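There are structures below to look over.
Same chain, two partners: chain A is paired with chain B first, then with chain C.
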Partner chain A sequence: MSTAGTDVSVGGRTAGGVLGALAGRGQRRTVLTTAAPRHVWLWRAAVWGGLLVLWQVAAWLSGPFYLPTIPSVLVDGLGTVVRDGYLLTFAQSLRQLLVGFVVACAIGIPAGVLMGSSKVVRDLLSPYVNTLFVTPTEALLPMIIIMFGTGLEYRVVVVVLFAFFFPLLNSAAGVAAIDRHLLETARAFCTPRWRVFRHILLPAAGPYVVAGVRLGLGMALKGMVIAEMWVTFGTGGLLKNLGAYRQLDVYFALGLLIVVTAVVVNSALAAYERHLRPWQRGTIGKGAA
Partner chain B sequence: MDDDARAASDGVVAPGAVADPSPAAPGGSSQPYLEVDSVSIEFRSAAAGPAGRISVLEELSFSLDRGEFCCIVGPSGCGKSTSLRIIDGLEPASGGQVRVDSQVVTAPRPDIAFVFQQFNLLPWRTLLDNVAFGLDNLRLPRAEREERARRWLDTVGLTDFAGYYPSQVSGGMQQRVGLARALAVEPRLLLMDEPFGAVDAQTRMLLQNELLRLWEADQKTVIFVTHDIEEALFLANRVLIMGPRPSRVLREIEVPFGYPREDHIRGDARFAALKDEIWTELKAAMTAVPPAAEAER
Partner chain C sequence: MNPTKAVTTATVIRWTVSVVLFFVVWEIVGRRGDYTAIKPFSQVAGQLWSAMTVDGGLWRATAGTLGIALAGYAVAVVVGVAVGYLTGSSPVAAATLDPLVNAAYATPVYMVIPVLGIYLGLEFAGKVFLVVVFAVFVVIINTSAGVRQVPPGLLEMATSFRLTRAQKLRRIILPSAAPYIATGMRLAAGLSVQGAIVGELLLRVDNLGLQLLNAGSSFQIARLLAMSFFIAMLATATMLLARWAERRVIRWPR
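For the complex of A and B:
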């Protein structure tokens, strides 16, 4: 689970900034920047631009039966999505996703914390968790339909099954990674139990948990669409029908909407993760780590 | 933890001694402030054969008066750190007991503070908040906690770094914070486990001077574990030499220098002679019995 450390750039861009900070005085936190990020954005723009050009050329060559042009997706497709009330359908799907996702976190996070802190619980649960993790969840859908029907319960259950692994595994990893020396320090200073939880467990494991929630949310979105496709309902149902009837401009517009939503939520959570670890924004190696 | 009352009822050796909260005069008639009484500890270990037990401390005994600065030296792995942990109540002894102010220590207490070799600062707290970590557990008004944390951060010379995180400052600065965190709770006994072992030699000498200056101000009782003989002689009024496992106190040495101590005593002939004497003792102990395993804890 290397999930908590997505910003790999921390190591390289610091030395000058921190030395500068040490030389200067005062308590303001130093913001460390170099030229690197500008180049990154340049490269990203080039790659994205290239891909869009490729798409447009491919669309011209193959015709709208196989691939809609970019203008048709953005104008006709998005227009239809807005006019025909597909936004509302999407919003309703998201509401069900949210229910399932909250359930997934409510199960996953406490179970993960227990697995991380107790060897007994870990030994007890990990065979099942591991088995379920490698099982293709899609393969369980017919059984879930038999058990729960095709209504709200079914869709929520699918979202839960897709989403709960990452909150669980990440919480377990976060709790297991807590430095036992810090726990001993807390004991030496007679720290009450709840303060150990608040000031050591939470800050140490919190970023892992949020990373797990972020990854779980992506999985929940997948679960939602797949569950709906199976029973031709909601947003997934729309995608299935739009594809079948070759309304590809609308199909791509709706897909774009889903992806953009996911990316925005994902980035927001990633930013929150970084916010939870202010001490990792600018570091120099500490001698005795 | 209110363990004060617990367990003190029996096992007190000295007759009729009632814990005296006021500092006893040096050389006073009452019993010692700290008594380590026949403390033994053994650990389970697969390396030690089928019985699987390694005896680390065997009948460790010594006592200190209030206000003493005691350094413990000994070969690595001899249980120096373990004995500090037992004195703090972090680890239960297999046998014997530790008494502070005639009360048996069974768990960490707020009047005993610990400075760790690896600093053990919370990475998500600023230096100021790290100093306040132990303070926050005391039932004090918020304003006083803040004031004390700032004062101790000032005392160790880090006023300008209050808002920095530990990862942003050097090891020497981190250990100053570790020291300030321990002193901020205003303990009566300060336990230091090779506190300057992880910093460079020059910083270590500076920190030694600073520690002495702080100690001379209010003369807490200090137990300072080190493997550095010179450090022990420079700081302590009493040096305990521990032997290899299963270890006990081989010898106690009264250091003939008074306080305040100046750097030049390091060059004193008596200093060199004592250093040589301790090293001879340690060397004899270390070569007499082949050291079993490494791992200190």
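For the complex of A and C:
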């Protein structure tokens, strides 16, 4: 549950632009997570169950043409997803996403490290990074299609454009967050470069980079869905058609699959992030209100 | 979190050099004509100028899109602050709602587009809803974090002095959480404009979406680049305005 806190400290910093990001260091505030109440799962069962009941009643009242019932999503919908090979389509989409994401990290992380360590590079690149970061990438899709067509290249480029900002901005912030005194001490003691890298750079910047990778992966998934929806291809295209032909049970089943994938990947990386920042775990559990 | 840092002359010079170089390279590559999708900057600038000055169509489109963004933004801020306050101050709300908010935040929201027409239509209501879905979660998450970091000592003191709930909210929680809420509102501003443009492109095509797609479908490439450039500038202007507003709030006298 402390992922919310992590998102803020990272998101608030990065989205302020690289300059804002670097200016913001040293101002980290600890975010206290509200203490979990007793019977957490009872409360969750009540609230989440209530929402599901609400859905079910709404579905009964409106009919399957407007909202499918929960059993029909889970049985008929998921059944069709499995039977008609939509799982394979989803897997193929994910594979392309991964290609784009690897490219995005290969560009974003080194560029971010450079921007974080050199003021000249930061000044030269920040106008583009900041402008592209705030520009809705969707508005660039027609241009990208003219450049790259509507095939694999186009989809990979869109994923890269969506995904590379967070690895970049977070790597820059991470490198900038390194304790200068430690670096100076290491230099004074003639520490070998790899030791500096292993024992100073990596522990300081690592959690930022992992957070960037996590947020970037979420963005890559967004890029994948919108790129495919635009040209009616793959998983995004499926969603579009299922909505248009009102096969809502299948639509919601496929949507559920995507949500679960996104949440599982996000939580796994968030857990790894917490593992890298043990000091943050220490703040959890103190009630603030 | 306050991005105020004295900008040095060297930085300004590097920015200028970098940007000028970009436009020069763009012009040269465009003139050589090796790539069909890259027209020289001068031609694009000409298209942009004529689009901005000829009949005001571009400005009407901009106003239409920004209207949708603003309506959705208002809803997102009100709902986001309310829900964020709830999850920030109530452990039960945090335990039950936080996982849902985090899941929604990690999910590609574009997924709602194919069925949005069924429930809300493809016009104003659908588009505003899309904007809200884009913008609301970042407000919730930041507000919640802001409420959680209110110093417990202050709240205890408020209790000892018998402040009412409303007084606590007004005098302690809100001022203390304001910088966080402001950050959420800044991020939401950019996302609102983005959501509105996505709505204009993928729900019923209209306003800025229409300007963009018209140029794209008729292969007036210079015009298309001009429109993309215009949207990028619009987004940048929104971001700068939001950042300025955020700084004003952060300096809010306590």
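Here is the rule we go by: the second predicted complex is superposed on the first by the 232 of 289 C-alpha atoms of A that agree within 3 Å, B and C clash if a C-alpha of one lies under 4 Å from a C-alpha of the other, contacts with A are read in each partner's own complex, and residues count from 1 in each chain.
Everything below uses one rule, namely that contacts are C-beta pairs under 8 Å (C-beta built on N, C-alpha and C of every residue); 3 or more make two chains touch, one makes a residue touch a chain.
Keep in mind the model is a prediction, meaning the values are calculated, not measured.
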**Message:** Quick check for you: in the superposed arrangement, does A:E138 touch first (chain B), second (chain C), both or neither?
**Reply:** second
**Request:** Please work out whether A:L124 is in contact with chain B alone, chain C alone, both, or neither, and reply first, second, both or neither.
**Result:** second
**Message:** Once chain A of both complexes is superposed, is A:R187 in touch with chain B (first), chain C (second), both, or neither?
**Reply:** first
**Request:** May I ask you to name which of chain B and chain C touches more residues of chain A?
**Result:** C
**Asked** Between chain B (first) and chain C (second), which does A:P278 come into contact with in this model arrangement: first, second, both, or neither?
**Response** first
**Request:** Please work out whether A:L248 is in contact with chain B alone, chain C alone, both, or neither, and reply first, second, both or neither.
**Result:** second
**Message:** Just to be sure I read the superposition right, which of the two partners does A:I200 touch: chain B = first, chain C = second, or both, or neither?
**Reply:** first
**Fill in**
The intersection of the chain A residues contacting chain B with those contacting chain C is 21-22, 27, 29, 286-288
**Asked** Within the complex, which stretch of chain A touches chain B?
**Response** 18, 21-22, 25-29, 181-182, 184-185, 187-192, 195, 199-200, 203-204, 277-280, 282-284, 286-288
**Request:** Report the residues of chain C in contact with chain A in the complex, numbered from low to high.
**Result:** 1-5, 10-11, 14-15, 17-19, 22, 35-37, 87-92, 94-103, 105-111, 113-115, 117-119, 138, 141-142, 144-145, 147-150, 152, 155, 180, 183, 186-187, 190, 193-194, 197-198, 201-202, 208, 212-213, 215-216, 219, 221, 224-225, 227-228, 231-232, 235-236, 238-239, 243
**Item:** Complex contacts: residues of chain B adjacent to chain A
**Value:** 1, 88, 90, 108-110, 113-114, 116, 118-120, 122-125, 133-134, 136-137, 160, 162-171, 174, 181, 185, 198-199
**Message:** Give the list of chain A residues in touch with chain C in this complex.
**Reply:** 1, 3-5, 7-8, 11-13, 15-17, 19-24, 27, 29-37, 40, 43-44, 46-48, 66, 119-120, 123-128, 130-132, 134-136, 138-143, 145-147, 218, 221-222, 224-226, 229-230, 236, 239-244, 246, 248, 251, 255, 258-259, 262-263, 266, 286-289
